[in-house]
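Right, one structure below, let's go through it.
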Amino acid sequence: MTRTPFFIQTAQELAQTAQASYQRGWSPATSTNFSTRLPEANRFAISRSGIDKSICQPSDILQVDERGVTQPGFEGRPSAETPLHIALYRYSAHIGAVVHTHSIASTLLSLEWAPQGKITFSNLEILKGFQGTTTHETSHDLPIFPNSQDMEALGKEVITYLEQQTAPQFGLLIEGHGLYAWGADLAEAKRHCEAYEFLLSCLLVKGQREGARLSL
Amino acid sequence: MTRTPFFIQTAQELAQTAQASYQRGWSPATSTNFSTRLPEANRFAISRSGIDKSICQPSDILQVDERGVTQPGFEGRPSAETPLHIALYRYSAHIGAVVHTHSIASTLLSLEWAPQGKITFSNLEILKGFQGTTTHETSHDLPIFPNSQDMEALGKEVITYLEQQTAPQFGLLIEGHGLYAWGADLAEAKRHCEAYEFLLSCLLVKGQREGARLSL
Amino acid sequence: MTRTPFFIQTAQELAQTAQASYQRGWSPATSTNFSTRLPEANRFAISRSGIDKSICQPSDILQVDERGVTQPGFEGRPSAETPLHIALYRYSAHIGAVVHTHSIASTLLSLEWAPQGKITFSNLEILKGFQGTTTHETSHDLPIFPNSQDMEALGKEVITYLEQQTAPQFGLLIEGHGLYAWGADLAEAKRHCEAYEFLLSCLLVKGQREGARLSL
Amino acid sequence: MTRTPFFIQTAQELAQTAQASYQRGWSPATSTNFSTRLPEANRFAISRSGIDKSICQPSDILQVDERGVTQPGFEGRPSAETPLHIALYRYSAHIGAVVHTHSIASTLLSLEWAPQGKITFSNLEILKGFQGTTTHETSHDLPIFPNSQDMEALGKEVITYLEQQTAPQFGLLIEGHGLYAWGADLAEAKRHCEAYEFLLSCLLVKGQREGARLSL
């Protein structure tokens, strides 16, 4: 199968996003995965399983269908977390890209705040990084889910949660595993990811200063 | 409208400054903005609104007038914080460039020190990075202003403060929002920005060591 | 002696690995060393002694025999820690590459946890980075050995320990000296190294937050 | 005056060293300076005053004499700290290069340990980075001097101290100002600098964990 110009461009952008994530320390030991919705119905571009993100190439981006099956013309297995990406795309047609990072901050804080089930961020300028937010005078919740190797079950749990929310949702933490963030396109998903990672870094450093669990 | 060679050079330098700021973690999630005064009266070069600074290009630098209006031959909206940049240029003809960074240190310390209204740095060699300072045996205040989405009002509040000062002023913090620094030209504004960010990082790390709010 | 295409490729990969390690702050002051098993019986490629890893070149990779002797056609001394690398290759034919890093986290935590003799990591997604691990619901021990300048003796002590273990072993700490990690090939050794360094960084930051020695 | 091939090579290496120092956060706001002894008697290559180290070029390296006077064929002022560099070259013919860094760790720890007058590092593998050190089972002192803008006086104070020592000396701290390190050539001076900066970073992080002033 010949790649469309759209797919070629998307694969380049996803590979660059993966390499940039590695450079920031957010993709250690082949962890993390990155995807976008393709213009063809129920088709998605997603990074291959087990790839060293420091050298992720466009050829490491696979096309999969809505069951996560690698499409003809592509070889290899997509990321083991493909079902969670697809659950998000199915949940909302407004989601065009999903990025997953595995930073120190998201790992530690997802464990530390798991009993509360979420982290609430308030009154910070960076909150304007979230789509539709026009003032720092607001609050935003980042929910935390228990880790699981059953990605189908985790996907359902996440969607059940998201369907109950009225506030806009742009990300989630998985305990001891990291951050998922999404957006209308890859640029927006990256912006949301950077906003969350910045908020988590601030919270981590604030906690180091005060020796306690503290919200921003 | 054709770009002057001066503008082309300026736009390259501003784009490089934005990319370098992103690489240091000071421009997350499309935050921050960078500007210079142009040789034409009441004209300024400033970064476009909502740009991912990791890929900021010279074409993302717009020319605006003293009301912040994008000039003919340029497209798009300048940064939402353009009025604060312009207020600084109007305040002093000696200001030729303004850079705004959004680091973890400036975010956390602007919140922590807001009750004092300023942070005072003393007896450090890096203070010689500030224009006209020839010894470490000195003190320098970095004022802190409440955050606001009304950039015209914030600009006025800043200018009122600056007009009351007798000591040279090179920067300010906005609560939960970050650092503004300025100078006679972009090189000096960057030097002042780096001096402040270094001082803030030192203070942040010092506080982590001693579990308390401590001035340097 | 002419280099085989395999050796040329291996030397490039080892030099790139060394440079990348330096860039992450894991190879200060010419410390650390990197090796692979060669297809020729009892021959190994290993980095030269005393090389600045920021500029490590393929020509800094030497071929040595099972006694650590530089082979004809190569000049200079291999790393002083070559005997430890070779002890690992002799211990298991499944080990194809060994990387040694000298990070702040591995230096400090190897000292701090030396009385326990190991660090145990549990219930973290990154544990899936270790070969054969398919769930985060597991524990993994990283043993700690006293530092020594007698690399033959240290190698024997390590092998004695490894031969007593039933769980798969992928790395070890040396007190005040850093991390050794290994794998079937260089890609796997790097993945194991990154997983350990990530775990150690998490533990270091967690300890800063809570002012105590804490396992993850 | 025509540059000798030796000077051209030296200027490139010094400029690269300065840029690398900036990239690690050790040269903020035009601080720091870098020099080597030249083969001509009483001639030295040193970085220009007030240069942004992120863009330091070979043309920013000046030739000076033993009084710090810029030599014919070169333009501009050498670093204000040239007298301290020259005092070190005069102190010992074995010193061929001097590097000065201005890191967060050296700034904070030089202030914190000033009452003791030195920091002692013991039993760490990285100590083998110091010329002539063959085991981790050793101790090494890094002396701390009060900051001064009188570089001639500071140079004399440093030399008086060095002449009283019997142990090999490779560096010093200046309070609130940073680290000087030296060696037989630029490679050795860089290695000593990296060893000190690594030791200082370890000490800084250790102090954050334990909330106290602690030696390694």
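Just a few scattered comments:
Which chain is which? They are A, B, C and D, in the order written, and residues in each are numbered from 1.
Quick note on the criterion: contacts are C-beta pairs under 8 Å (C-beta built on N, C-alpha and C of every residue); 3 or more make two chains touch, one makes a residue touch a chain.
Because the structure is a prediction, the values reported are computed rather than measured.
Of all residue numbers used where chain C meets chain D, under half belong to both copies. The two sides are thus made of different residues.
Each chain gets one centre point, the mean of its Cα atoms, and the points for chain A and chain D are 44 Å apart.
With centres taken as mean Cα positions, chain D sits 31 Å from chain B. For chain A, residues that reach two or more other chains under the stated contact definition are 208, 211. Listed by chain label, the pairs that touch are A-B, A-C, B-D, C-D.
Residues 28-31, 52, 54, 102, 104, 107-108, 112, 147, 149, 174, 176-178, 204, 207-208, 211 of chain C touch chain D in their complex.
Against chain A, in their complex, chain C makes its touches with residues 20, 123-126, 128-129, 134-137, 187, 190-192, 194-195, 197-198, 201-202, 205-206, 208-211.
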